[in-house]
Amino acid sequence: MWSMIREAGAGLRRNLSMVISIVLVTFISLTFVGAAILLQMQINQMKNYWYDKAQVAVYLCTGYEQAPLCPDGKVTDEQKTAIEATLKSEELAPLIKEYFFEDEATAYKNFKEQFSGSDVATYVEADQLGQTFWVSLVDPSKSEVIAQAFSDTAGVSSVKDQRTYLDQIFQVLNGASLAAIGVAVLMLLCAVLLISTTIRLSAFARRKELGIMRFVGASNLYIQTPFVLEGIASALFGSLLAGGALVLVVKYFVRDYLVTAMPYVSFIQISDALIVWPVIVGFGVLLAGFSSALAIRRYLRV
Amino acid sequence: MWSMIREAGAGLRRNLSMVISIVLVTFISLTFVGAAILLQMQINQMKNYWYDKAQVAVYLCTGYEQAPLCPDGKVTDEQKTAIEATLKSEELAPLIKEYFFEDEATAYKNFKEQFSGSDVATYVEADQLGQTFWVSLVDPSKSEVIAQAFSDTAGVSSVKDQRTYLDQIFQVLNGASLAAIGVAVLMLLCAVLLISTTIRLSAFARRKELGIMRFVGASNLYIQTPFVLEGIASALFGSLLAGGALVLVVKYFVRDYLVTAMPYVSFIQISDALIVWPVIVGFGVLLAGFSSALAIRRYLRV
Amino acid sequence: MISFSGVTKQYRGTTKPALDNVSLNVDKGEFVFLVGASGSGKSTLLRLALKEEKATVGEIFILGQDVGAISSRKVPFYRRKLGVVFQDFRLLPNKTTYQNVAFALQATGKSRGFIQEAVPDVLKLVGLTGKEARMPHELSGGEQQRVALARAVVNKPAVLLADEPTGNLDPMTSQGIMALLERINAGGTTILMATHDTMIVDRMNKRVVELSAGHIVRDDEHSTYGGI
Amino acid sequence: MISFSGVTKQYRGTTKPALDNVSLNVDKGEFVFLVGASGSGKSTLLRLALKEEKATVGEIFILGQDVGAISSRKVPFYRRKLGVVFQDFRLLPNKTTYQNVAFALQATGKSRGFIQEAVPDVLKLVGLTGKEARMPHELSGGEQQRVALARAVVNKPAVLLADEPTGNLDPMTSQGIMALLERINAGGTTILMATHDTMIVDRMNKRVVELSAGHIVRDDEHSTYGGI
């Protein structure tokens, strides 16, 4: 076993520039694989945090709306009672998990918090924000029903499903992770090609020794193991680097920068990156093992 | 010449998996180089568009401000005259290129345009936005002076330099282009290593022929050119792909998606990507030419 | 021990078979010379016995095993039962005498303890005691071939295949190698040796099988190179 | 034409010089045999003349040029003035007779028109007219050496260096190659030929320079291999 590791080490030194290339390519490819995984984790995190909390807002008229929305001005108490009755109606009640009423004061408090530091906060007054029924649905994807139910109701200015905002963000994040996967797939293809070329070069350099091994009856496993180890070792180094890079990105970019810049968004933790690290390393090692085993098997088949 | 191109083609076929790797690695690396260039172009575009237009806003009191800002309520005409006098004073006048006064109606119109489609637009009324002195400075980095001059002036709610918003965006974009350059540098290093390894493999496969060339007195140029062509050809293909990828990204992501999603930002054009294309291809070809020339020279030196 | 029946071998891309309907039986403990002009098929016959090549037609039984039927996974285990020596020694240039022999045992998975016992024994057998630490280039041709022989017999194979083992050696040195082979044969190992060397065949007075263009044209007990 | 004065060549990593203080003068139009045991330094002397290796000590003047002083950039231009033939022909296996000869001209930047004139001429000189389209493996050894000779002389070099050009050929075929070399020599080309072949040296009755362990031990006009 020890002699096999030594053989593998000698092989790596022989093809140094190839090995550096493999390390770099696996590093980049697995970093992108990891980035894609982390982006998906981020999406899930945001979904968990926001998606189920995402409610349908039934905005009531404030009196400040543009012409066609609220012809009767500010919502009256009768209108409010009617709206609440609709929410409790046979038609809608089974769809609704719960709803609550937000009055103007609470809305203003939330708004101030959300936009603190922005100019908008200084322009807006409590009575402009108006009152809202926040509706949580049993099946959050059925928001259309609520929108239709209140489309012509007096005193309702508009119905908004918060999920539509989130879906846009998720779309962008999904696009980014697809792009990362695209780069990763190309680079992984490249890594496989490089690993198999390196293994063949290594086998070619040792062809005399391999010939001797074969006629003294060395088993295929004994012959092939150093080559597979060689492939794995170079990929291992690249994948360790990739995992490290991801942890650093999460630490310095996500936790230190983004978390400060966007305090209201829930971001992935360093612990998430630490989970991804072994996944990536395992993936890189498996990939390298398979491609070098395949390459050496094809080379040694006579 | 023709025979040299044929030799180069034969060399490429011989090391197909290496050539594919080179194509992929140059493709990825130059795509990232190009992305970094395009990000810088985008930053410049935004700087050109916004940075010189960026003004210092002297917001006058609307009467809606929070407690400590405007103890006297809405700005009075006398206060306005005093403020304008300060702007024209000996102290400030030499620093100011020009200034203009924006009244409530204009501000409301601009605000509506900027936030059309957003909920905020429905909350805000004309008299809330208030009046503003927009000040263009001779040296836009000297906004501190204005801020100090009006720090205690009655009727002024706040002084804001628009550039502070922009600088944040630029910082993020710069960070992204640095990351792209980082990936690109690693991949370019990888490309150089792969090109020189491939050239050496190619020379090794043709060592007999090279020996014959040398004793019949073929010039070094004649011997080396096919190898350099070989290196260039594989990198050329990768860099053409990279240029194409950038044009597609600019067309479908920037022009079709971002321009619609952020109509108020000025984005780079497809023509910018078309300028970057030849730059990238030239860069890739030069890099490949140099690294293969170096590799073959070192290999042929006895 | 070794039995070829109706064996034909045609290399891909050639028109004439290298071996043509060859049948041959070698009993346990025999010493057989394989002679014939260059290209007559001697090496091909040995290569088939080693399962380095597959016979096109015919059956080969060695040590009771149907060589054609051995799966490629089992080939290494089969080869461990054979010893092989070549004209060009095939030693690893960067390993000492001791390591070259030990290497064959390591590669077949023998324990360290076994190796430490077996290698000095076999080096003593071939007369290389004291030269364990020499590299191949520090040995004469005859000594290198002794190392190769030591490697071939360290596993105590029942059959030894030798392809012109004296081809690169001068007559005096060849003599020494032949004496060694005779000793190994006397120990019970069946030996099949291809050679060009008239003198050796004539002196040894063993069974001689002559090939010509892939056919066996002569098979005599206690014969000489040219004799009938 | 060719002048070695006090030339010593010691290969790196060796203890004994391959050539030791060799001085030799060859005049224009001469035909000189270089003989000597294997390892005596014949090939080394030719390699120095070709500037494939650099002399450790001493000066070499060929065609009026100080070979040691030629910059590596100028070496190809120097080599174009020499013709070279080797024992193993060194033809490109995937090129026809015509292409093998034309290749040498292309590689030295000759025009297409010149190549189309010169190649058939030289092939006629070496007696290969009609075999222009054959690949090397479709030619006999003697014919392959003729192709190599054609390639060596197509540039009309003033000096032809030959390293055992008949080493791989049977006596009959060698005869033909020697006749050809004599014809080329008669055309004014100076020939320096290393050989082992006693018969050829004896028949030709030319100047013979004998090397032994890197020293010139004999230099006789109109001599034979063993003669004094």
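Order of writing sets the labels: A, B, C and D. Residues in every chain begin at 1.
Everything that follows uses one rule, which is that contacts are C-beta pairs under 8 Å (C-beta built on N, C-alpha and C of every residue); 3 or more make two chains touch, one makes a residue touch a chain.
On a predicted model such as this, the values are computed, not experimentally measured, just so you know.
Enquirer: Taking contact as defined at the start, I'd like the list of chains shared as neighbours by chain A and chain D.
Expert: Touches both chain A and chain D: B.
Enquirer: Farthest chain from chain C, comparing Cα centres?
Expert: Farthest by centroid: B.
Enquirer: Cα centroid separation between chain A and chain B, in whole Å?
Expert: 25
Enquirer: Just curious, how far off is chain D from chain B if you go by their C-alpha centres, in Å?
Expert: Computed value for the inter-centroid distance: 64 Å.
Enquirer: Between chain C and chain D, what distance separates the C-alpha centroids? Give it in angstrom.
Expert: Chain centres of chain C and chain D, defined by C-alpha means, are spaced 42 Å apart.
Enquirer: How many angstrom lie between the CA centroids of chain B and chain C, rounded to a whole number?
Expert: A distance of 72 Å separates the two centres.
Enquirer: In graph terms, with chains as vertices and touches as edges, which category applies: line, ring, star, complete, or other?
Expert: Basically the chains just string along in a line.
Enquirer: Identify every two-chain combination in which the chains touch.
Expert: Every touching chain pair, ordered by label, is A-B, A-C, B-D.
Enquirer: Flag every residue of chain A that touches chain B in the complex, lowest number first.
Expert: On the chain A side, the touching residues are 15, 17-18, 20-21, 24-25, 27-28, 62, 64-66, 69, 119-120, 122-125, 128-129, 157, 160, 175, 183, 186-187, 189-190, 193-194, 196-197, 201, 253.
Enquirer: Which residues, counting only chain D, touch chain B once they are in their complex?
Expert: 50, 52, 73, 76-82, 84, 90, 92, 103-104, 106-109, 151, 155
Enquirer: Please give the residue numbers of chain A that touch chain C in the complex, ascending.
Expert: 3, 208-209, 211-220, 222-223, 302
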